[in-house]
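By letter and in written order, the chains are A, B, C and D; residue numbering begins at 1 in each of them.
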Amino acid sequence: MSHISLSGIFPPIPTPFNADEEIAFDRLQFNLDRWNQEPLNGYVVGGSNGEFVFLSLDERVEVVRQARRIAPRDRLVIAGSGMESARQTIELTRRMAQTGADVALVVTPNYYKAGMNVAALVHYYRQVADASPLPVMIYSVPGNTGLDMPAQAVIDLARHPNIIGLKDSGGDVTKIGLMAHETRDADFQIVAGSAGFFLGALSVGAVGCVPALGNIAGAKLAELLKAFQHGDVDAARAIQRPLIEANTAVTSRFGVPGLKAAMDMLGYYGGPVRSPLMPLADDERETLRRILIKSGLLS
Amino acid sequence: MSHISLSGIFPPIPTPFNADEEIAFDRLQFNLDRWNQEPLNGYVVGGSNGEFVFLSLDERVEVVRQARRIAPRDRLVIAGSGMESARQTIELTRRMAQTGADVALVVTPNYYKAGMNVAALVHYYRQVADASPLPVMIYSVPGNTGLDMPAQAVIDLARHPNIIGLKDSGGDVTKIGLMAHETRDADFQIVAGSAGFFLGALSVGAVGCVPALGNIAGAKLAELLKAFQHGDVDAARAIQRPLIEANTAVTSRFGVPGLKAAMDMLGYYGGPVRSPLMPLADDERETLRRILIKSGLLS
Amino acid sequence: MSHISLSGIFPPIPTPFNADEEIAFDRLQFNLDRWNQEPLNGYVVGGSNGEFVFLSLDERVEVVRQARRIAPRDRLVIAGSGMESARQTIELTRRMAQTGADVALVVTPNYYKAGMNVAALVHYYRQVADASPLPVMIYSVPGNTGLDMPAQAVIDLARHPNIIGLKDSGGDVTKIGLMAHETRDADFQIVAGSAGFFLGALSVGAVGCVPALGNIAGAKLAELLKAFQHGDVDAARAIQRPLIEANTAVTSRFGVPGLKAAMDMLGYYGGPVRSPLMPLADDERETLRRILIKSGLLS
Amino acid sequence: MSHISLSGIFPPIPTPFNADEEIAFDRLQFNLDRWNQEPLNGYVVGGSNGEFVFLSLDERVEVVRQARRIAPRDRLVIAGSGMESARQTIELTRRMAQTGADVALVVTPNYYKAGMNVAALVHYYRQVADASPLPVMIYSVPGNTGLDMPAQAVIDLARHPNIIGLKDSGGDVTKIGLMAHETRDADFQIVAGSAGFFLGALSVGAVGCVPALGNIAGAKLAELLKAFQHGDVDAARAIQRPLIEANTAVTSRFGVPGLKAAMDMLGYYGGPVRSPLMPLADDERETLRRILIKSGLLS
């Protein structure tokens, strides 16, 4: 298997819906056509920002298939294929492989939190990786799952030949630095799961980013990464810091509805979310607009 | 619609699996035949103890269909039909209605925790209840979901004609008492979601219980309820307290693997769990055995 | 040592301050003179509602001395004497003994949370109880300390001859029931640390209450206890439930400022709090007033 | 007032005790004599690692006085002077000023967590800073206090002329980056409160560190800082990463007992902790030793 580089910017793209909450595949094409012009390295499809938990299995597969069709060959399509059980995840990952996706992104199972200790998580990811036709990325997103993938489990799994990396959305750079250090001899890459701590993660060894903000600020984040790779931390910081407030607005503060509203403001197609997510209220939308202006993303 | 009473003991039954993790419908029959002899008032099928998040949609429906077929007509079959989105939940609830299930149990959506405020949750449950052919019970289980259904949302929803109650597995009797008080004029019933706080919940107005422990101690819990209803709190307490440790063992401490192991020890069919849940280790099994003996459930 | 009964209502009295934040001993007398007319069984002095963390050691001792002087001999004065270290707590407890206080209430040390495991807590309370001239009550108040005294530590300590009970402000009746059961043969009593779960705690074996709400609703809570002791749970419930919202208002919602504002509304002396606590804003005061009226405490 | 630079390494020194738990001032001299030879920029005295919550007020003042006497004039002595109330903190800060300390480090009040909103915290720190003869550093240490100083409160306070900075032990670089950005025009400096995320914090704008690990690895951390300041992030990372595990061992994992044990292993005086902290067990000590060896701090 040739090495897959996760160094780069891979926005987790939203799933566009029409007013009736059906998937708007034409709008997916519209957005991707535009993103394809931006200096991005690939796309995460069917991640948290893709409202994957609201999609049927067929929808999850079809969105990945369409994204793979539209994206240039040299851009990775990373397909969210995590379910709660090993057998479901394996089955869905196999279907994802048939779409041409490059990598499977497997979120931590989390419903039975009390049972998800290091042993259970290591066992689970080994089962999945052994059976997966696609290379596997672990996905830890405690803000959604209530479960922070233990560093020890990541370290144990990093040497598995079919596990290539971790998307860490927890943002604890102490933990990221420790994992990067302990897996330094493995073929294993860590990417920041949010743009808010991108530079902090890079500084301790992360190589890329899967930023919600990358859907609307991909060029800036690509520039940040390049500056860092060229050893210019001052330039990277000058890009990083003004983006934090905007990043928070389209992630923890206003969530996917915030991201979609920002996309609408910036000429992408955002559109509605599925219920129980709710569209932004008018005052929230105004707050978001002010933040985007302050951050330099909207004029 | 005639009144459906939730006063009673409704164990959340596990889904039995064979060694290959396929559903063992014959064992479901075996267990239900035995439970049907016990003083229970119905069954929750496809709840957290039923590993519903590990089942395909077809499996979820089929388990309910079989349980409804085997259970006596006068015992309620309460079908877990919650998904993350309103449209998914509505669709699954409609399928559940066709199995003959009596009530739909709808867990709080929780993946987008940050967005699940009172307004979003009230909107969601109204959508579901409006569209559901079955009466709806709200299901709050923060230990699994990381989300505690806000009292205010429950109070707002209690007057909806198609929402008949709440299964509260959080165990906060201050909150249960407040909700019972504020919904006292509504056709709304609260049931304790675990046997550990059953008497405490009854004391402030709960009417029944959906206890994992009811799968192995149904008669005792029925006796507790009867004693309480007869005004004999001392007798109820004498039953309640020795069961707490055993209850914890088959819930938060050892989870579904613990419940299934206890069932095996007591002559029911427990069997394996699906991965990533893991069977009890030998020392855990011994601890569980000692606790069951101490509690008087095993000799 | 004769048995000290903790069965009853023991309000944790606030420390009254003048406008300059100095202790208003005349107002302490004023309040106690009124409380002495109410069916209470004693007072907790220098607890969380007494703003003990804001008092100098001399102030802590003096408030207890004055309360003991004013309270009738047959009412217990329970003195908050907890500090972070064993040596500080022992020293302060000895000073409290000289005031004539009856019992020492010792909050869990909590600054070094990560180190406060069962072994450390058991060791700590044994040191304190061994050295204390006063019988000791353990005080667990996770809302303030961020530390929930483990049930196992309580069970281990219950047999110490100088540890007579636990004030549990966590409100988890599963845990309270377990502790009551496992200490049933010890000379050990559990009291509810808040009125919100008083009946729930009684139902599983608590014997009394240390309710902030007892400062303004002592007679009602005494009536609740009497009804329960007479086996009339329905009557107890009829008192309990309408008080929950008011209880929350003077505890977790508005805190000590809320309690003091309620006391002012009801003819006691509430007065200011010490900074960084802040007095209620006008709209909060109005909300509080409406809640007190709704609960039947204010007309 | 001349500018005080917080750029540098300022270890939070432990308070040495004899076997009887009395302060060992001779050992304080011994340790400081050695630290004075290391490339450090000052000392935090009476912080969390100084077990300040276990010291009497007189002890807190005396330890600072002695440290100030022993430390060279060009090294800052930063005195922990936080208490729970504004009046206590102001009084203790005034006493600290008389010892010759350079800066007052004021931990967030935290006992009444529910009341510690942005308004209350801003009001509190303004009162303290207005009255303090010493420049004030805010100290946020959620692992101990259970309270994470809100970014908005820090931003509001940064322009106060007597508030010079923040020690942030939470380690959230998204938050640190945001605060650094929003206070970029103020005379306000942020220091990392732990060595685990030092480089991550530097990358977004922190200027120094108050590392427990600095008591045993000051030279390495000074080298890390210098490399970063020279724009050599690769060199900084090469120092940072192998220290993370050791840092965790002397902070969140084994706490002050771990730090003191490590000091004993490395030729400083560690000695006993005060109860309820407990000395390391033998197996913990061996684990710690292995970690120190692995990290290159012990051979």
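Simple rule for what comes next: contacts are C-beta pairs under 8 Å (C-beta built on N, C-alpha and C of every residue); 3 or more make two chains touch, one makes a residue touch a chain.
Predicted model, so just to flag it, every value in this text is computed and none were measured.
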Exercise. Chains shared as neighbours by chain C and chain D?
Worked result: none
For this session: Call it same or different for chain B and chain C: same when shared residue numbers make up over half of all numbers used at their interface.
Result: same
Seminar exercise, completed: Per the C-alpha centroid definition, the whole-Å distance linking chain A and chain C comes out as 49
Problem set entry | Where chain A and chain D are represented by their mean Cα positions, the distance between them in whole Å | 35
Exercise. Considering chain B alone, which of its residues make contact with at least two other chains?
Worked result: none
Exercise. Which of the residues in chain B come into contact with chain C in the complex?
Worked result: 171-174, 177-178, 180-181, 184, 194, 196-197, 199-205, 228, 231-234, 236-237, 240-242, 244-245, 247-248
For this session: Name, in rising order, each residue of chain C that touches chain D in their complex.
Result: 21, 48, 51, 53-54, 56, 84-88, 109, 111-116, 119-121, 123-124, 127, 143-146, 252-253, 255-257, 274-278
